[in-house]
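Below, subunit A partners subunit B and then partners subunit C, in two separate complexes.
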Partner chain A sequence: MMLKYIFYPGCYVSTMLPHVEAAIRFILKKFNVETIELEDLSCCPPKINSIADELFWLTVAVRNLAIAESKGLDILTPCNGCFESFFEAKMMYMEGKDLREKVSNILSKLGYKFEGKIKPKHLIEVLYEDVGLEKIKENIVKPLGALRVAVHYGCHLFIVEHGGDVWKKPRMTDELIKVTRAELVRDGLERLCCGFVPSTVDDAFSLTYRTEVRLKSVKELGVDALVTPCPQCLMRLEFGQVRLRAKARYDVPIIHLAELLALALGLDPKKFGFTVYHKSPTKLILQKIGLG
Partner chain B sequence: MEEFLSKILEKHKDKIVKVKEIVPWRVIFEVPNGRLKELAKDVFEIHGFRLSTISTLDQGFYFELLYHFVKDKYVLTLKTVISKENPRIPSLTDIIPGANWLEREVRDLFGIEFEGHVEPERIVLPPDWSLEPPLRKPIAPKLPPTYAEYLVNLISKAALASITGIVKRRRTKMGLPEVVAPVLESKKVIEEIRKISKELEIDRKVPVRK
Partner chain C sequence: MGTAVESASIEVSAESRVLVHDNSKCTACTTCMIACSMKHFGVADYEKSFIKIIFNPVVKAFEAAYCHHCDEPYCLNICPVDAIYKDKLSDGTVIVRISTLKCIGCGSCRLACPMSIPHEDPVMRVAVKCDLCDGDPECVKACPTQALRFVPRSEALNFLKKVYG
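So, the complex of A and B:
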C-alpha cells in the first residue's frame, strides 16, 4: 500500500534548510511515500503565540488541520515546532468543548469543519511506524558504522497525549540513528533545550546557558556529529558555534536525522549540498565515512 | 551613587537583589517582596526618609510595586514584584501611617491586597464596587518584541515566510519545488487569516500594518 500524506515542511526547512528538505524528499521517494502539497495552508502557527492569544493560535492551527482532513490525509511534518503546534491544537480542540465551539463557529464561516479524524505526524513517526524500521534497514546501502554520533531530540518531540509515553518518539529517533549502523553515544544532556525559543526573550542567556552547555558537552564526547530531528535545534546549534567562535571553537558537525538516513540510503552528498550549506564542518563526516 | 545612599546599600545588601542608579541621588533598590517591609522600616525609621507615593505597574503576569521614599534631595525607590495569581503583600501601615491612603488606592485600582492594613476600606472607588479593579489588565504577558512582531505578521500576511533569491536558486539546483506551503504567498490564505483575526478582534492587541 502506498503511503500518502499532506506534506508540511514548515518555514525553517523550506526557507533556510533546503538541503534538509532535499534529504527528506529523497527518503520519502525511496519508500514510495506520496506527498501532497497544498497551497491553502498557512503558518502552523508556533504554539508560543498562544501566549498572545490562545484562541487565535488555535483557530489558525485547526484551520490547517481542517484543510488536511478535507483531503482525508494525515499531515506529515519534519519540524518539531509545527508538530507541536498541530498536535496540541488537535488535543485542545477535541478536549475542550467551549473552545471547540468557539473555533468551529469561526471556521464554519470560512467553510471549514474539523472532526479530529486526521493526525499530525512527525517524520520520525512516519519513518518508524508507517514505513517501518525493517524496510529502512533492508535499504541501507552505505552503513555508517564508522560514525560515532550524539543526539539532540528537541523539546517538542516529547509532546504526547495525557499519560502518554514521552520517550516514545525519542526512542524512535535512537532506533532510526542506529539503523544506519552509526554508534549512538550519550552525554545525558539529550533533553536539554538548545536555546532557540528562549533566545527570543534573552539571547545572551540562551547562548551561554543552553546552546554552549550542550555544544561543550558534545565536544567532550568526541563524537563525529550531533544528529537532531529538529530544524530549529539544528540552526541554533550551528549558528551558535559561529557566534561563539570569538570565545571558543567547538567545530561539532550538526546534521538533521534525515541527512544521516539519506547518506545511509545512498544519496550522493553533493546532490543536496551536504558540505556547502551547513554552518558546521560537515565535511568531517564525509571524511570519516570515506566520501570526502 | 552618593555616599549617603551607598551606606544604605552596604548595610542592606543582603536584602537587595538589583540596584539601578538613575542619577547619583536617585536610585532604585530591587528587593524580594518578603524582604520589602524590613527594609522599608529601616529606610523610614533609621535613615529618616518619608514615603512619598507608591506606583504600580501591571506587567501582564505580575505587578511591579515601586515605593518611592524621599529625604532632602534623595529619592530612594524600593521596587518589588508580586504575582498576579496571588497579589498580596504585607502592609506598611503599622510602621508608616502615611502608607494608609496610598495602599488603599493601589488596592482599589489594581486589586492588590495589603495584608494587615490598619483601615482596609475603599478610598477611590465606591464601597459597593463589585466589578474588576479598573486599572487591572487581564493576565497576559507583555510579549517579547520578536513575538509581538510575529503576531503582527500573522495578522497582516498569515506569517507566510518569505524565501530569498539565493535559497530559491538552491532549491532549484537540488530539484526542489521553487516554493511550498507555508511559504507561498497565497492571497486566499492571507484573506482568511485576516478574517479570523477580525472575528477575534486581535488587532486591538497589536497595531496592524496596512
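So, the complex of A and C:
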C-alpha cells in the first residue's frame, strides 16, 4: 500500500534548510511515500502564539487542519514546532471548549470545516510506524557504525495526549538513529531546551544557559555529531556555535535526523549540500565514514 | 470573602487542586514562565513570572519554584496588614491570594515563605505571587511536555513523596 500525506515542511525547513528538505524528500521517495503539497496552507502558527492570542492561534492552526481534511489525508511535518501546534490545536478543538464554537464560526464564514478526521504526523512517526523500522533496516546501504552520535530531541517532540507517554517519540528517535548502526552516546541532557523559545525573551540568557550548556556537554562526550529531529534545535545549536566563537570554539557537527538516515540509505552527500549549507563542521562526519 | 483572619480557617481538602512539577519531564524551555508573565502582566519577562524554572547543568537538575498554596501559609500568618487571604473556588480549590490594595510592600511574606516565593513587583511596589490563574493555570496549558500538572493535593503529595522521599 502506498503511503500518502499532505506534506507540510514548515517555514525553517523550506526556507533555511534546503539540505534537510532534500534529505527528507529522498527518504520519502525511497519508501514510496507520496506527498501532496498545497498552496493554501499558511504558517502553522507556533503554539507560543496562543499565549498572546489563543483564538488567533487556534483559528489559523485549525484552518490548516481543515484544508488537509478536505483532501482526506493526514498532515506529515518534519518540524517539531508545527507538529506541536497542529497536535494541540486538534486536541483543544475536539475537546469542545468554548473556543471551538468561536473558531468554527470564523472558519465557516471562510468556507472551512474541521471534524477531526485527520491527524498531524511527525516525520518520526511516519518513518517508525507507517514505513516501519524493518523496512528502513533492509534498505541501509551505508551502515554508519563508525559514528558516535549524541541526540537532541527538542521540547516539542514530547507533546502527547493528556496523560500519554511523553517519551514515545523520543524513543522512536533513538531507534531511528540506531537503525543506521551509529552508536548513540548519552549525557543526560538530551531533553534540555536548545534555547530557541527562551531566545525570544532573553537571548543572552538563552545562549549561555541553554545553547552553550548543551554544546559544552556534547563536546565533552567527544561524539562525531549531534543529531536532532527538530529544525529549530538544528539552527539554534549551529548558529549558537558561530555566535559563541569569540568566547569558545565548540565545533560540534549538528545534523538533522533525516540527513543521518539519508546518508545511511545511500544518498550522495554532495547531492544535497551536506557540507555546503551547514554552519557546523559536518565535513568531519564524512571523513569519519569514508566519504570525505 | 470575610477578613484575611477569617479566611485562614478555610480548610484545604485533598481535592483542592495544586500545581505539581515533574522534573523528569521538564526540558527547562521556560514556556511556563513566558505564559505566566504574559497572563499577569502582558509581557514576556522572566523576572515577572510567578513560577521559576531552575536548571542546574552541573547536577543536571530541572527544578521549579512555585507557590504551593499551603494549608497553613506562613505568608498569611506573618502579613502585618492582613493582605494575604485564602479564597475557595467552587471546585474546592483553595488559592492563597495577596490583595495588592492592602499590601504595603514590607516583604515579610517573602522572608516567612520557606521558598521565598512572593516577590516585590517593581512597578506596583507590593508583593505578588501565583494566583493559579483563578483555577486554570496558564503554565500548565503551555507546558509542552506535561511536566507541569494541576492535580488534587492528595495526588500531588503522593507524587512528590515518590520523587523526593
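Just a few scattered comments:
The definition used in the following text is that the second predicted complex is superposed on the first by the 291 of 292 C-alpha atoms of A that agree within 3 Å, B and C clash if a C-alpha of one lies under 4 Å from a C-alpha of the other, contacts with A are read in each partner's own complex, and residues count from 1 in each chain.
By definition in this document, a contact is a pair of C-beta atoms (placed from the backbone, for glycine too) under 8 Å apart; a residue touches a chain by one contact, two chains touch by 3 or more.
If you're wondering where the values come from, they're calculated on a predicted model, not measured in any experiment.
In this superposed model built on subunit A, subunit B and subunit C take up the same space, so to speak, and clash. In the superposed model, A:Thr200 lies in contact with both subunit B and subunit C.
In the superposed model, A:Ser70 makes contact with neither subunit B nor subunit C. In the superposed pair of complexes, A:Thr208 makes contact with neither subunit B nor subunit C. Of the two partner chains, neither subunit B nor subunit C is touched by A:Asn139.
More residues of subunit A lie in touch with B than with the remaining chain of the pair subunit B and subunit C. In the superposition on chain A, contact of A:His19 is made with subunit B only, not with subunit C.
Once chain A of one complex is fitted onto chain A of the other, the partner contacts of A:Phe158 are limited to subunit C, with no touch recorded for subunit B.
Legend: residue contacts after superposition of the two complexes on their common chain; A:Ile51 is shown touching both subunit B and subunit C. Of the two partner chains placed by the overlay, only subunit B lies in contact with A:Ile106; subunit C stays clear of it. Clashing C-alpha atoms between subunit B and subunit C turn up only in stretch 75-83, chosen from 75-83, 93-101 or 201-209, once the structures are aligned on chain A. The interface of subunit A with subunit B overlaps its interface with subunit C at residues 48, 51-52, 200-201.
Taken together, the subunit A residues at the contact with subunit C in this complex read 47-48, 50-52, 84, 155-156, 158-160, 162-164, 166, 188-189, 191-193, 197-198, 200-202, 205, 209-210, 213, 216-217. Subunit B meets subunit A in the complex at residues 140-141, 143-144, 146-148, 150-151, 154, 158-164, 167, 170-171, 173-177, 179-184, 186, 188-189, 192-193, 195-197, 199-200, 202, 205-206. Within the complex formed with subunit A, the residues of subunit C that make contact are 25, 27-31, 33-35, 38-39, 44-46, 55, 57, 60, 138, 142, 144-146. Touching subunit B in their complex are the following residues of subunit A: 7-11, 14-16, 18-19, 21-22, 25, 37-46, 48-49, 51-53, 55-56, 59-60, 63, 106, 109-110, 200-201, 271-273, 277.
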